[in-house]
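In this document, chain identifiers A, B and C correspond to the written order of the chains, with residue numbering beginning at 1 in each.
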Amino acid sequence: MSISLAAEPDRLLPAEPGVRKIARGLLELVSDLPIISPHGHVDAAVLDKNSPFPDPATLLISPDHYVTRLIHASGVPLDRLRVGGSTAASPRDVWREFAKAWPLFDGTASGYWLRSEFEHVFKLEHEISEATADATFDAIQSRLSEPGFRPRQLFKDFNIEVLATTDDPLDSLESHAALAADATFQGRVLPTFRPDAYLNISHPTWIENVDQLITTAGDGTTGYAGYIRALENRRQHFVDHGAVSADHGVRTPQTLKLDRAEAESLFNKARRGEATETDRDAFEAHMMYEMARMSVQDGLVMTVHPGSFRNHHLPTFEKYGADTGHDIPFAVNYTEAIRPVLQDFGTAEGFNLILFTLDETVFSRELAPLAGFYPAVYVGAPWWFLDAPDAMLRFRSAITETAGFYRSSGFIDDTRAFCSIPARHDASRRIEASFLARLVAEHRVSESRAAELIVDIVDAAPRRAFKL
Amino acid sequence: MSISLAAEPDRLLPAEPGVRKIARGLLELVSDLPIISPHGHVDAAVLDKNSPFPDPATLLISPDHYVTRLIHASGVPLDRLRVGGSTAASPRDVWREFAKAWPLFDGTASGYWLRSEFEHVFKLEHEISEATADATFDAIQSRLSEPGFRPRQLFKDFNIEVLATTDDPLDSLESHAALAADATFQGRVLPTFRPDAYLNISHPTWIENVDQLITTAGDGTTGYAGYIRALENRRQHFVDHGAVSADHGVRTPQTLKLDRAEAESLFNKARRGEATETDRDAFEAHMMYEMARMSVQDGLVMTVHPGSFRNHHLPTFEKYGADTGHDIPFAVNYTEAIRPVLQDFGTAEGFNLILFTLDETVFSRELAPLAGFYPAVYVGAPWWFLDAPDAMLRFRSAITETAGFYRSSGFIDDTRAFCSIPARHDASRRIEASFLARLVAEHRVSESRAAELIVDIVDAAPRRAFKL
Amino acid sequence: MSISLAAEPDRLLPAEPGVRKIARGLLELVSDLPIISPHGHVDAAVLDKNSPFPDPATLLISPDHYVTRLIHASGVPLDRLRVGGSTAASPRDVWREFAKAWPLFDGTASGYWLRSEFEHVFKLEHEISEATADATFDAIQSRLSEPGFRPRQLFKDFNIEVLATTDDPLDSLESHAALAADATFQGRVLPTFRPDAYLNISHPTWIENVDQLITTAGDGTTGYAGYIRALENRRQHFVDHGAVSADHGVRTPQTLKLDRAEAESLFNKARRGEATETDRDAFEAHMMYEMARMSVQDGLVMTVHPGSFRNHHLPTFEKYGADTGHDIPFAVNYTEAIRPVLQDFGTAEGFNLILFTLDETVFSRELAPLAGFYPAVYVGAPWWFLDAPDAMLRFRSAITETAGFYRSSGFIDDTRAFCSIPARHDASRRIEASFLARLVAEHRVSESRAAELIVDIVDAAPRRAFKL
């Protein structure tokens, strides 16, 4: 693999020369547009403190479960990658494991992003390989000590206009406040309200979480009423700090409208530790309905990310914790599940509901039809395993003929890998240009409309869907 | 968007010049063949009466839920589109809303059809836009008053040989009879037996429908025996009026063979209004079995259209009625569900069973394998949200390697939008040419066989599958 | 259809000239590599005895349910194809039916393989057609009487290095032993342990099978302990005869870890013929867990082939037996189902678990993510209805971006049609070259890495996944 692939100006564009030429023209229109990242997992404190990044492995490998998972699949235990706080290996050892495993990444989205970062962010002169492991480690390490590689400078160099983080409802949001108050920092760094640990009864610390939530933010009210009040209050706290959306990492897309007495009874049962699995499902589905109701009131865009079996390999979870590469998707169904919410709020003024999926079958079958009728519904961009070149093309092909180009959310990088943000957005823009170029070549969209559409997709769509 | 896209001779054909050339050659072989439309929703009375179409909006926008849904998704209430009989807006106002929303249709199947109609049927000189809304409304309105735009003349100009309608079992079929008896009208307009409202217990007026059915056509027999007799009689009435198929818009593809006593007991329970959800499902599944049995006897081709959650948004249904753009597909499974019918009739002489799906996953997984073994089974053409260029290519790719080219139904326009019929069939022919051209270019099918195949697909397949 | 299509050097390669050129270069690197066939259904006795093949129909048509099914779909009863031992028709009559039906095979995988065999194995000079039926029958018949068409010579000419068969656990494996001991035969012919009939309670002769198994191989132990012991012993017998894998044709991918007492109790209940459907499912799922446990111990690669509704058409099954063309896939889910096995053995040293599917949706959603984390998991090659050109491209597109190129099993022909083996492997290599060529043209993989990858995919991958 040659690092120079990432320098190819036509990378990811379709091979057919006529279509490529059209795609190249469309890409030019958007390649300098600022990055809008309305959903991701970068820590705001990183930008607030602006400390130098520690070392190549700690920056690029150990915390990125997209990367460690594939090395693990080749038989390398996670402690040799310093996953989950392990310090059994040194960062340099981790980098050597990575360099050895690098050929495994050919053809993958992660490999594409990393290669782009090596070329465009770190300007590496050597290809990654076992032989160059130490040299590349040292080269990146050296870059990281330069002032130009501090988080705030990269934020500026990456041309990021908006970056949303994902935050606990009880987070003080002090880093966000500090950044907003800091006249020397120009970007918008917005919090996102993510209440899973307070809504999901089966969360290991749900009872304590709820106790703390009510105590902190319930205005003195207790029980279910205090719980609802506290959630409303904390959402307002997020709104006050610039949040535009609330994100929900649910098991399934199920929603349900319970009457107050039923909801209260399940809530009390759950706090006593007596909720059954059925109770749990009903309560969580009900709380999704409640979140939609609150979104209609406070204006936070509601994003739903269902369908991942979290922590599939229990021994790994127990040793290394969550988000360590073994969340595995499963089939989901939106049509019946989301109906209670859409029944009541699908045409509600100002309500934006963005539906994501890891199950591609849902795109043409359910999400495009839903977004093609309900003003509230936007089709979430291809997410997680699906934000890759071929998968993004399949997405556009699956939804456009039913829902057109104006009913999807715009690209979401959803990443905790800060340095991969430009590569991800660049890849997405290249794929949008490729898809549109084909439609132009097939005389399905005029070239002038394609030029408008790509700017809309890259720039206007995320602003529209996320109210930016 | 330029209307002239619809004038491009190579529209929808693959971009690669070598493949496009082959496709163009194949397309030429079928572009002048007559249209065979064995399943659709045009009203026979329109052709019988041959009245002029009222105005552009009433013809092209208000009744077409493909079109109104996407405008609605952009936030326009349906009464501003005169949906469901609303007269809150004038036809001209509706057209203005449509013109404003026109950019939303880029990339969609509906946009493609409309653009084709504007170019080839109405020969509009202006592109649709907010600015040209009144001019285009007036231009079409003026065309509609010309004698050449009466339904019968368009039928002839569209080169339609056969047009099937979809009709209530108790319909007198007088329009069909009148057309058949009219020596001045050359086309075949055939009724289709569609008994959903008499088979589906959960239909709001099922009890009254059944009462009327038995009274009208039960030969004096009452109860379940009268019900079955009446259905058989009405099917015969349709056969006598030229019907070739019976269509079934079922919730799921479930079929079930109950013994007579069980069926009778469920039927009686349902007429007393006491049927449970389980009873309902069992009875409907049983009646699908009965419909298959009758098809074997009377020769009507059986078509099955499952997997749409009808009237998903209850408030819209209550205000505007059914077929207003919020029927949303869901996952279906045919393999086990259709087995009771195939067990008994899958190899029955002369039985044709055409299976449609809105869930694309079923094509390669279930329908192609079923149609590749059972002489009775044909894979239904891509339907509803799937009769779009990319989706039709995915369909051919999904089924051909297992079932070949002779086990699918041929194109079905399934439309109530009369003026869109030529555009839909033309698009389908272009896609078939595109798919075959790729196989030719990849040396998988010879050019001479491709020439035979495209004629078979366009012309012979629907005649074969629908016994025309 | 021209037989000469099979002689086109660029067959199956992408049409775009630039991509085709790259694909051609990649194909050249692997077209002379030996065939490794780690999973299939050829009978070892055929090679051991080396008898001439009887006649064209008995060799190529009657036993190949891929072929007979599509002829059957056109209305030809299976007895006219000598299926299931029927002798109602002569081989020549069967061939005539086939020749008449030959146009139905255009575009199908089976048609592609047959055309390749006619060109490259039998060197037919005439195209297949009704008119040439007798001439082509005679030409092949004549070839079959030549010494060069004996099984062992073909094995050598086909350049087969390894051929795995599929065998009953109580098979003596004497043909395998004889071949291994025969210095005049150079290939490796390996047995595969396939215990479905001993694990699946609903198998019609399960009770007798189990009795015989315990009696034969239980070391005198009886009951559940003897059953487990006997399975372990027979697996060892297979290992001693060169087996590298155990294959499991299960209904669903469900696995379950029961404690010994529970398993024993279900086993005893089943032997008394008292097992319910729930018992059956639980016991089968448990035995999958046991098979995994044994694989960890004895090193046999575990392959899982779920999701086919066997013998869908009961009347055909009753008349002609199993494997007669009406096994129909259905939707499966691996994520939760396979978890019990992966929980305990997903990272076990030396455990290889290859997961196949007939439900394509599982590739991107479940199998690529699983294989991208668990060292034990390999994604099984596209199987059965999916080992066709377009389907194989969809497979690579679906898994590569998540799992890369090193986590799949390599091609599996899975065939009982001996003479189709070269055509199948050749088609697979052409598709791998096509997929890689596109990635090269899109600057996603360098040309030099693509050259390494295609050799790995064709040669190293099956050796790695199957421990050859």
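Quick notes on this one:
Assume a contact is a pair of C-beta atoms (placed from the backbone, for glycine too) under 8 Å apart; a residue touches a chain by one contact, two chains touch by 3 or more.
Because the structure is predicted, anything quoted here is derived from the model rather than measured.
Comparing the contact residues of chain B and chain C by number shows a mostly separate set, under half of all numbers used being common to the two copies. Rotation angle, chain A onto chain B, C-alpha superposition: 120 degrees, expressed as a multiple of 5. Averaging C-alpha coordinates per chain places the centre of chain B 39 Å away from that of chain C. The multi-chain contact residues of chain C, meaning those touching 2 or more other chains, are 16, 331, 361. Interface residues of chain C facing chain B in the complex, by the touch rule stated above, are 1-2, 5, 8, 10-17, 69-70, 72-75, 103-109, 111-112, 309, 312-316, 325-331, 358-361, 385-386, 388-391, 394. On the side of chain B, the complex with chain C involves touching residues 16, 18-19, 331, 333, 335-336, 339, 342-343, 346-347, 361, 364-366, 368-375, 377, 397, 400-407, 438-439, 441-446, 448-449, 452-453.
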